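Heads up, the next two complexes both have chain A, just with different partners, chain B and then chain C.
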Partner chain A sequence: MAAVEAVTATGLVKRFEATTAVDGLDLVVGAGQVHGLLGANGAGKTTLLRLLFGLIAPDAGSITLLGRALGGPGSAALDHVAGFVEEPSFYPYLSGATNLALLAKLDGEVPAGLIDEVLERVGLTDRAKSRVGGYSTGMRQRLGIAAALLRTPRLLLLDEPTSGLDPAGARAVAALVRELAGQDVAVLLSSHQIGELEKVCDAYTVIRDGRVVWDGTAAQLVAQAPGSAYALHTSDDDRALQIAAAIPGVRAGRSPRGRLAVSVREGSLDALVLALGDARVAVRRLELLVSPLESMFFALSGDADDEGLEPHDLAERALARAGSDA
Partner chain B sequence: MSAGDVTLPGSAAPRTPGRALDQRVFAAYQTELLKLSSQLAVRLLVLVCAIGPLAFSALLKVQSGTPADALFGTYVHASGFAVSLVVMGFAGAWGFPLIAGLVAGDQFASEDRHNTWKTILTRSCSLGELFTGKLLAAATFAVGMLLVAMLCSLLAGLILVGGHGLVDLSGNLQSGGRSLALTLASWALCVLPLLAYVSLAALFSVASRNGIVGVVGPIVIALATTLIDLIGKGVWVHLLLIGSGFGGMYGLFTAHPFLGPLVITSLASLVWIVGCIGAAWLILRRRDFLTGSAVRAPSWHAPLRVVAATTVVVAVLAVAGNLGPIGITSPRLDAAIGSAFNNASLLQQRLIGRIAPPGARLDVQPFCNRRGTRSEGPGDWLCNVYVYLPQLNAVPFQRTNVEYDVSVRYDGCYKAQSPPTFIGGPTMTDNRGRSVVNPLFVVYGCFNTL
Partner chain C sequence: MTRAPLTMALRLRLASAASAAFGLVAVLVIVGALFPAVGGTIGKLNLPRGVSQLLGGADYATLTGWFRSEIGAVYGPLVIGAVAITSAAAITAGEEEDRILALVLAHPIARSRLVLAKAGAIAVVVVMIAVAAWVGLLVGVALGGGGIGVGHMAAFAVHLAFFGFALGAVAVALGAGTGRRALAGGVAAGVGVIGWLINGFAPLVGALDWLKYLSPFYYYAGHDPLTQGIDVGDLVVLGVVAVALTALAVLAFERRDLRG
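Then we have the complex of A and B:
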């Protein structure tokens, strides 16, 4: 028997007065797949997640979650679907543990100790009895993840799950997502943190103005991406520039502060490094500035400033920013 | 956050799928009870319901004054049941709308304020189940507070004043047992109009998405209905107003109980309950659950619409106040005052040790006129009660005039007070030398306006 898709959205349309937030959008998330949802601000990511949670009704189209057609808010199709849209929200006058107990009550039977277990899982055991009103943004984010884990999810819909988390917390979320995926939990992640998505996603959907502009697996994305860009520091930058210019698929230049920026097509980086070695130019540091996903993202869905920029342009901009920060 | 050994929480004990509808509603109900019981305002209100009647009784105990304008008010030093009924009267005017506003007026709006609709609507309860659970929890708290107020007012009255019988609204002294039964029945009959206010508060909360409108709305409506009750002479609008049910039970306190207003006001309460809940549900199920920057209209749009709609409804009701037959008329008031005066006079005679057989009748002729306008409708009336007293000498009957200032309410209940020249002061000395309430100084009564 074929596996049931975790999410199947077909022809979704959602209008807000004169604005069409989602415009004929199709989306499929496979069972056990970690699927990244990418788009600039206002692209329609959060509206799409609201539609998937049944919080708003589509003007057209249909949604199936785990093989069940989605009705309105609180639909039975949301059983075993968990997550949050925008920042997780709780009752500020109740403690974190009480909030979870309340949500667990709405879900039905709760295995003994589950609330303590998920609180420990997200590192909130010490603050479990504190009122949520006193929680930081990161703590509320972690409580949101704990609330999602209470539901024995088979599909997680997460909107900016690492927002407000420190780097360690963000890494832990990424690890958690991968591990859940290993247990056949499908995850749809919306995030601006492209670097975070790259670590965990099997597939991506890029949306712009409410429409899907690219959809495919991570391997397809790397193959189709305009390229990636690096900051390069060598023992002889002038010589390195000359060598790079001779290699097909490689473009190099200097930033205003004199650092080397190199953009490469898929597979060209190896050729560049080998050529530098052959010319006895030592590579002292190679720092990824623009990943294939980022370059694809900016090519497809960037804002007006970034739209259509080549990886090299993006790399130079990143270098310039790094210089000004320094 | 731990990213160590991963076992999906709860995977060891998967939940039983397909909970029954009643289980889901009960779960929503339990969560709402928990939320309400955690709120400081609700806790304080429960405390006020418990302590308020005790404090009121204690305050009355240490002073000689009485809340004479309230029905049974002059008897608060004579009967503990009067204390409870006076508390009930105040609660009907202000307390119950406040309770309704606090338990139901913020229930739905707070989900918008805390941005938690999305949190609870992405669990395993539908919008309808959450809606039902919220309403049931609000009703439970409201009725619970009514019970607390009833028990505490009764206890306070019985402990501090005693369980003596009550002088009813026809001037007859009732037994302690009957007084207790009537008092309990009166409180019980407040449940329906209280739930009508709870439903209205829920409607305000859903429609305005604003807790202030939800909480204050029922109190403002109570004030508006009080004002509407002062104007207009027609029966229908007054009987159908949301708070009318709090006055329907007074017909039970008369010598010839009448149930018409009670039945109609109870039915009106039911209509309010169904109408408000129905409207709230229609609004709720049609809305999108947008939050934050995605909310289209500014936050003051919805409250403003509710305030505007409410103002229109109140204005229409005020204008329609003259619809239907006139309930307060001179003949009806004459008959009620005459009977109550007769019974109160006989009670007074018994208190001072004279024999007044049951059913005895004085020769009484009341003439009531409304001050400054046509003799109909609620407001201030002047009643001259002519009493023909038997004389021992040449003139067989001496006509004596007792003048009463009568304040008549829309529901036919009135308070008649006379200067002490003929009937004496507020208290008198009975045949055992005790100071007792003079039943003729202030006469309370009610008549059927239908």
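Then we have the complex of A and C:
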């Protein structure tokens, strides 16, 4: 028997007065799949998640979650579906543990110790009895994840789950997502922090202006991406520039601060590094500036300023924005 | 799981309701204790009819008149109305504006059940205040020298409760229907204030006398429960209004998008 898809959305349309936030959108998230939802601000990611949770009703289209039709607000289709949209909000004058206890009762009896267990998993044990009003943004984010875990979900819908988290916290969330995926939990992650998604996602959907502009597996994305871009530090940058110019699929130039930036098509990076070695030019540092996912994202859904740019140009912009001395 | 939304809503409002109830009891006790020293001195005030009506008759010569004016006319409905309205606006539209409702509704809970649970919690809070009013009257009337029957004091508390149900239901309907806390609280408070004014002044103008039937104050105190006991007809009107508005709240909340 074929596995039931975790999410099937067909022909979704959602309008807000004069704006069409979601415009004929189709989405499939496979069972046990970690699926990244990418798009610029205002692309429709949050609206889509609100539709999936039944917080708003579509003007057209249908949604099934774990094989059950989402028939309207408060639908039982939300059984074993957990997560949150934007920053999760709790009762500020109650403690984290009390908030979780109240939410847990909406699902019936809670196994003893489960609340303590999920708080420990997200690293909030020490602050469990503190009022949520005193929590930082990152702590509220972690509490939201804890609330989702309480529901022993088979489908997790997370909107910017690493927002407000420090790098260690973001890595912990990524590890948690991988762990859940290993337990056959499907995860739909919406984020604009592309680097975080690259570490965990099996597949991606890129949306722009409420429509899907690309959908596929991580391998397909890498194969189809315009390329990637790096900051390159060598023992002889002038010589490295000459060598790079002669290699097909490589473009090189200098950043605003005079350092080397190279953009490469799939497979060209090896040729560049080997050529530099043959010319006795040492590679001291190779820093990824624009990943294949990022270049694809910018090509498909980026700001108007970034639309149609080559990775090399994107690398220059990335360097200028970072203000780095790469 | 059926009671979980109700206990959740109650948990969040009990502390403030208990505080208001305690305060009401204290005021009633003090008002009763003051009567022997003050009431006879003031006597019945000679005020314009409309103002006298607004103040419950302004007859401070008797203990019944004293409580009717000091508590029944303004303070009692003010406390129960304020608690019902602020609580209802907070746990409906307030939670939606604070985005707490988005997390709650991510659970498989029907919106109708959620609204009914919140309305039920408001009803429990109103009953708490009304019981506090009755307890405060029992003590206060005793301190004031007696003269009001236990049954009539209970009748006053019941009328007060139904008044609170009706005003709370206005706030629940607007809160669940619009998701706007300020609108829900403001309009419900406006209904209370305008209702108080209409009940006081409309009867002074023959052609406008009928307006009093639109005021919740008419059904709360128009037949003077402190001396006449319960008026079933008045309670039925207030009860029907509360139930109808709650039903409207359910229908409206089921059909609209949650504000984001």
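Quick note on the criterion: the second predicted complex is superposed on the first by the 321 of 326 C-alpha atoms of A that agree within 3 Å, B and C clash if a C-alpha of one lies under 4 Å from a C-alpha of the other, contacts with A are read in each partner's own complex, and residues count from 1 in each chain.
The rule is short, and it goes like this: contacts are C-beta pairs under 8 Å (C-beta built on N, C-alpha and C of every residue); 3 or more make two chains touch, one makes a residue touch a chain.
No experiment lies behind these values; they were computed from the predicted model shown.
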**Item:** Combined model on chain A: chain C and chain B, fit or clash
**Value:** clash
**Item:** Partner touching more residues of chain A, whether chain B or chain C
**Value:** B
**Item:** Partner chain(s) touched by A:Val173 [first = chain B, second = chain C, both, neither]
**Value:** first
**Asked** Counting only touches as set out at the top, which of chain B and chain C does A:Glu86 meet: first, second, both, neither?
**Response** both
**Asked** Is A:Ala77 touching the first partner chain B, the second partner chain C, both, or neither of them?
**Response** second
**Request:** Could you say whether A:Ala219 touches chain B, chain C, both of them, or neither, answering first, second, both or neither?
**Result:** neither
**Request:** Mind working out whether A:Asp107 is in touch with chain B, chain C, both or neither, as first, second, both or neither?
**Result:** both
**Asked** Can A:Ala60 be said to touch chain B (first), chain C (second), both, or neither?
**Response** neither
**Message:** Between chain B and chain C, whom does A:Thr46 touch in the aligned arrangement: first, second, both, or neither?
**Reply:** both
**Request:** With the two complexes superposed on chain A, say which partner A:Glu120 touches: chain B (first), chain C (second), both, or neither.
**Result:** first
**Item:** Interface residues of chain A shared between complexes with chain B and chain C
**Value:** 46, 50, 53-57, 72-76, 78-79, 81-86, 88-91, 94, 102-103, 105-108, 147, 151
**Item:** chain B-touching residues of chain A, taken from the complex the two chains share
**Value:** 16-17, 46-47, 50, 53-57, 72-76, 78-79, 81-86, 88-94, 98, 102-103, 105-111, 114, 117-118, 120-123, 142, 145, 147, 149-153, 168-169, 171-173, 175-176, 179-180, 182-183, 185
**Message:** Which stretch or stretches of chain A touch chain C in the complex?
**Reply:** 46, 50, 53-57, 72-79, 81-91, 94, 102-103, 105-108, 144, 147, 151
**Contacting residues of chain C [partner chain A, same complex]** = 1, 4-5, 7-8, 11-12, 98-100, 102-114, 254, 257-258, 260
**Request:** Please name which positions on chain B make contact with chain A in the complex.
**Result:** 1-3, 6, 8-17, 19, 23-24, 27-28, 30-31, 34-35, 38-40, 114-130, 285, 288-292, 294, 296
